[in-house]
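Listed after this line are the structures, all set down as structure tokens.
Two complexes come next, and they have one chain in common, chain A, joined by chain B in the first and chain C in the second.
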Partner chain A sequence: MTNLRKAVKHAALLLLALVMLYPVLWMVVSSLRPNSEIFHRPGLILDSLQVQNYGEGWNALASPFGHYMANSAILVLACIIGNLVSCSMAAYAFARLDFTGKRLWFAIMLGTIMLPIHVIIVPQYILFSHLDWVNTFLPLVVPKFLATDAFFVFLMVQFIRGLPRELDEAARIDGCGHARIFVRIILPLMLPALATTVIFTFIWTWNDFFSQLIYLTDPEMYTVPVALRSFVDATVSTSWGSMFAMSVVSLLPVFLAFLVGQRYLIRGIATTGGK
Partner chain B sequence: MTALGELQRMRRGSGGTLGGKKENKAAFVFLAPWFAGLLFITAGPIVASLVLGFTDYNLIQPPEFNGLDNFTRMLSDTRLHHALGVTLVYVVVSVPLQLACALGLALLLDRGLRGLAFYRSAFYLPSLLGSSVAIAVLWKQIFGAEGLVNQVLAVFGVEGRGWISDPGTALSTLIVLNVWTFGAPMVIFLAGLRQIPAMYYEAAATDGAGKWTQFRRITIPLLSPIVFFNLVLQIIHAFQSFTQAFVVSGGSGGPSDSTLFYTLYLYQRGFGSFDMGYASALAWLLLVIIAGFTAVNFWAARFWVVYDD
Partner chain C sequence: MRRIALAAAAALLLSACGSGGGSAGQELSKDPVTIRFTWWGADERHKRTQQVIDVFQKKHPNITVKGEFKDWNGYWESLATTVAANDAPDVIQMDELYLASYAERGALLDLGTAAQHLKTADFDKTALDTGVVEGKQYGLPVGLSAYAIVANTDLLDQLKIKLPDDNTWTWEDLKKTGEEVSKAGGGKITGVQSFGFDAGGMNIWVRQQGAALFDEAGKVAVPESVLAGYWSYIKDLAKSGAAPAPSVTIERAGGSLDQSGTATNASVFATWWNTQLTSLTAASGQNLKLLRLPGESQASSPGAYFKPSMYWSVSSRSKHPAEAALFVDFLANSQEAADILLTDRGVPANKKIRATITPKLSETDKAAVEYLDALKIGTAPRVTPNGASSIEAIIKRHTEEVLFDRQTPEQAAKAFITELQAEIDGA
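So, the complex of A and B:
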């Protein structure tokens, strides 16, 4: 390729990247502008810093926004632990053990990757409301401890299959049972797959709106997405500045997770196809 | 190897057979959480919602069997028909556009382009943010009457309109949002392109094949399983869109039901009016529709997807 063609290609790609990211950049800039300017300034240049948007947004709802951030953080942490424990156990069985009906169970597991939550949410809700779990984090966390995010089971199965079997066999000759092989040999070797699971669970749970909207109706229990939505519904269109400010705050953890875990994210979707 | 590829291989019976002694006890221990999840969280509720679909149930009184009432009600439920139409347009328009962008960019970025990692990240980022409430809030502003889009159009002297408040264009703004998240399938395409051995292209070039011929005879067939995978997954994914329509319309699916996604209608029936029997029937219809689309995809795959194993 000639240098000119290369330059044109890079210019086009850069322009496209700018167009793609422009709305988000504009939101960040607008969150630091007075409300009146948000409707007249399509550019990115800031003449003043309206930092009070952040203060106003932070305190706009019944509790300070930090309360909802803390709720989301607790929820995310619990979901991460649940996925790590339950999915790695299931993956070990599918990748390394031989058992009756394995092919059928495995096919069912793969099938559930594609199962939309909307299909099962009604009976699930009925079950959890009979257990009196509505307005707790339990309906959102307990499924994670039961390996229902089959995507991660599959991701880990793929990873374990790539580990040399000789390691397990040597350990078995030394008298190790499956529990020890799993904990001592497989788990430490599958750290990259576990890291991918952590990052994806973090981002998906942090962003998940549908199930949090359904199970968390008490404002005390609101997580970031649900709180942000109630903010949008409660405010008149004159406070876009503070609404943008809280939107930026809510996206910040996702952005940081992306920066830190990019490598694992890209590898994760490249090997298993993402959600 | 993708989950779909795995399923297809198993269907064709080339998954490899197992022999040797069974380790049922150990497997049961390791799979105990997963079995419990299957029973209570995934497969169990599918069966339960089939049963509930034949009842009238409001969560307070016990469910009452009402035969086919919910299903006959579907036939005359014009809002449901409307929601189906909105969802189908959304899926059928946004998925091909999204995949075309994903494939096009993947081809541009392939083969040792400098700055690949940067471009890939920049294009991938929107697909991580796209399903968040924050981006839906942003969309509500930028496609509003005085939003960013109209401000930019004004710079070029074009008169805009309230894209979201106009029933004729509201759905298009959500289609744009879905296309905006083409980064995830793009990364999958990039990984697929990397699997194609460079020597195929070298050999073709030696034989005098031009770029276009190489693309048609090498890239397209060898990438077709990945295209298929992305197609199936993104269709299923698009059927589940909810957050954007919910936030943009304030939960109503408006204006004039123009953003009433199927999932949004299901939410309104189930969790707005606690009409759990009807919502269960709706959930089953959604499952049947998605399964139908997937089945047609698998069937059509035999005519255009090339397998090398």
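So, the complex of A and C:
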């Protein structure tokens, strides 16, 4: 009886998973189809394997697609380092230090999460263009070193608040200052929160289209999302096959990151709830 | 919405900077010069354009052209931002929808001042006029296109239905033939792919009734009754079964060319620009034919008109206007560039170039050129006024409301005029 129930449950879950996965599967299948067939057939069954989409897509733009992947990789790495260093320090300050107007600053910081990028993009662009930073990675990376990703600051603040203060106090009695408490006590304990930050920064930066589109003007500097969009034009026919093939390629790193990191991801989120 | 916010920010900043100053009458520099050139398109266009840039650089070794390519949506967001920040590219691929808004804000150079480097002798005056705003040539038309009905003759043969005579047919004929096709097609194939999602179709309809969307002053000038007729017709198409069910229509309207009824051989008749025939044929794999618009023989003046596929514009704040103009001249007038670009940016507006490349074109491109050459056209409609660039979004929304019976055609017509006028007044 229980076996039957289990089987039904699993069948239902598998079916649901298939529904959720259908768009991704369709993309993978379409990347193996000739261009003319892609929109004529909604199904997932392949008549033949057409791998030339991958070769064509790889070389379709001004530089081979690997060039854009490398650009994205550099950008993502720099952003991860920036967020780890700056957000953790800002979070420590908000969670453990007392300073004037702490509540107000905290509220303002949270407020920045709610500002849509389109509101700030023009003033930001002018600033960066005066600094002569347009068409470099600097406008995308430097802000990360200034703890501007308020979401991660908030995440880490919540995590640090969950750590017992007695640990800090014990360290203080042993003669630790704030710097050492942060490095020796807090940082090792907040590993799950740091892992969450790494994974989210990775996925969000890898997928971020708008700011990369605006700041990177030279095709040499394009990243994966901007390059992928260069395949698509609504007014003429598009090499969908090539685009889907490159989408699959660019999905791989995110997929791998999630596969490796999902254990930490769930732990990081589960332990940062306000307890 | 985002684009409107950006455009508004751009407008504010520009008015603070004062209107554009540069002039292209200067001498060409002997020192190395770098100009930036931006366009939208897909990978095929990126490749061809880069080849043209390479040829130009070989001829002018001291000029470096840096290409910046984007897709359509990203292009306008990025252009609005860079123009607002006073960091616009020197040579800009411009669209009719946005020409007036950038020109009136002083972001573009009057190409008339660049006559020394940029020749326009091989262009018809009617073509050149499409790039004139407030008496100045802010855009040089690149290619011309005309609205057409694309018919799938293979499907008609298969269903044993006769192709209507496009010299005399009316909108009623289109609907009737569409119904026959839908009936014979048994649900899989419908007669007409519903339209009502672009400014081209509305322009044709309005012009055939002797009206115009905008008057010379840039105000909305179309009578409500004419628009109500337009939306009633679209609604009738869906109700009578000539066009697919509204939900299908809306889904297709949101998709790209490859997802359309024409490209997937699900609709026999559809409205397109003649230059899209090649892309459509490639996607559909069947025989497609360009037909003249219905109602043209009954209309007092032709509804058909030339729409520039795009323009070349130069930024008014370019530091190298002379070199930018020289590059535009190369794009528009040189045989080398034309041989590479062919009809990628539309059937060339330059008449001399059009004649020289025609023999090199594919069958479908030739058909597009023939269609254009044989077409009887009226005077060009006024350039879309500043602020009205969102016209297609407004048309689309009201078409949806009408198709889903949430608005009567009369209500849609009234609301459309009010909304569009508000957009223009707000710009």
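The rule is short, and it goes like this: the second predicted complex is superposed on the first by the 240 of 275 C-alpha atoms of A that agree within 3 Å, B and C clash if a C-alpha of one lies under 4 Å from a C-alpha of the other, contacts with A are read in each partner's own complex, and residues count from 1 in each chain.
Just so it is clear, a residue touches a chain if its C-beta (ideal position, glycine included) is under 8 Å from a C-beta of that chain, and two chains touch if they have at least 3 such contacts.
Source: prediction; values computed, not measured.
Per the definitions stated earlier, placing chain B and chain C onto a shared chain A by superposition produces a clash between them. Touch criterion met: A:36 reaches chain C, while chain B stays clear of it. Judged by the touch definition given at the top, the superposed model places A:136 against neither chain B nor chain C. Contacts of A:121 after superposition: both chain B and chain C are touched. By the document's definition of touching, of the two partners only chain B reaches A:13; chain C does not. By the touch criterion stated above, A:62 is placed in contact with chain C alone, chain B being left untouched.
Of the two partner chains, chain C is the only one that A:239 touches; chain B does not reach it. In the superposed model, more residues of chain A are touched by B than by the other of chain B and chain C.
In the superposed model, A:219 lies in contact with chain C only, and not with chain B.
By the touch criterion defined above, A:211 reaches neither chain B nor chain C. In the superposed pair of complexes, A:92 makes contact with chain B only, with no contact to chain C. Across the options 80-88, 224-232, 278-286 or 368-376, chain C meets chain B in a clash only at 80-88, per the superposition defined above. Looking at chain A, you'll find residues 38-40, 118-119, 121-122, 125-126, 129, 209-210, 213-214, 229, 232-233, 237, 240 touch chain B in one structure and chain C in the other.
Those residues of chain C lying in contact with chain A across their complex are 2, 5-6, 9-10, 13, 36, 38, 40-47, 50, 66-72, 74, 77-78, 81-82, 84-87, 89, 256-259, 263-265, 276, 279-280, 282-283, 285. Touching chain B in their complex are the following residues of chain A: 9-10, 13, 16-17, 20-21, 23-24, 26-27, 38-42, 85-86, 89-90, 92-93, 97-100, 102-103, 105-127, 129, 143, 145-148, 151, 153-154, 158, 177-178, 182, 203, 207, 209-210, 213-214, 224-225, 228-229, 232-233, 237, 240, 243-244, 246-248, 250-251, 254-255, 258, 262, 265-266, 269-275. Residues of chain B touching chain A in their complex: 1-4, 6-7, 10, 15, 18, 20-24, 26-31, 33-34, 36-38, 40-46, 48-49, 52, 57, 59, 105, 108-109, 113-115, 119-126, 128-129, 131-135, 137-138, 140-142, 144, 146-148, 151-152, 155, 180, 184-185, 187-188, 190-191, 229-230, 232-233, 236-237, 239-240, 242-243, 246-247, 250-251, 263, 266-267, 270-271, 276, 279-280, 283-284, 286-287, 290, 294.
By the touch criterion given at the top, residues 35-36, 38-40, 60-62, 118-119, 121-122, 125-126, 129, 134, 209-210, 213-214, 217-219, 226, 229-240, 242 of chain A touch chain C in their complex.
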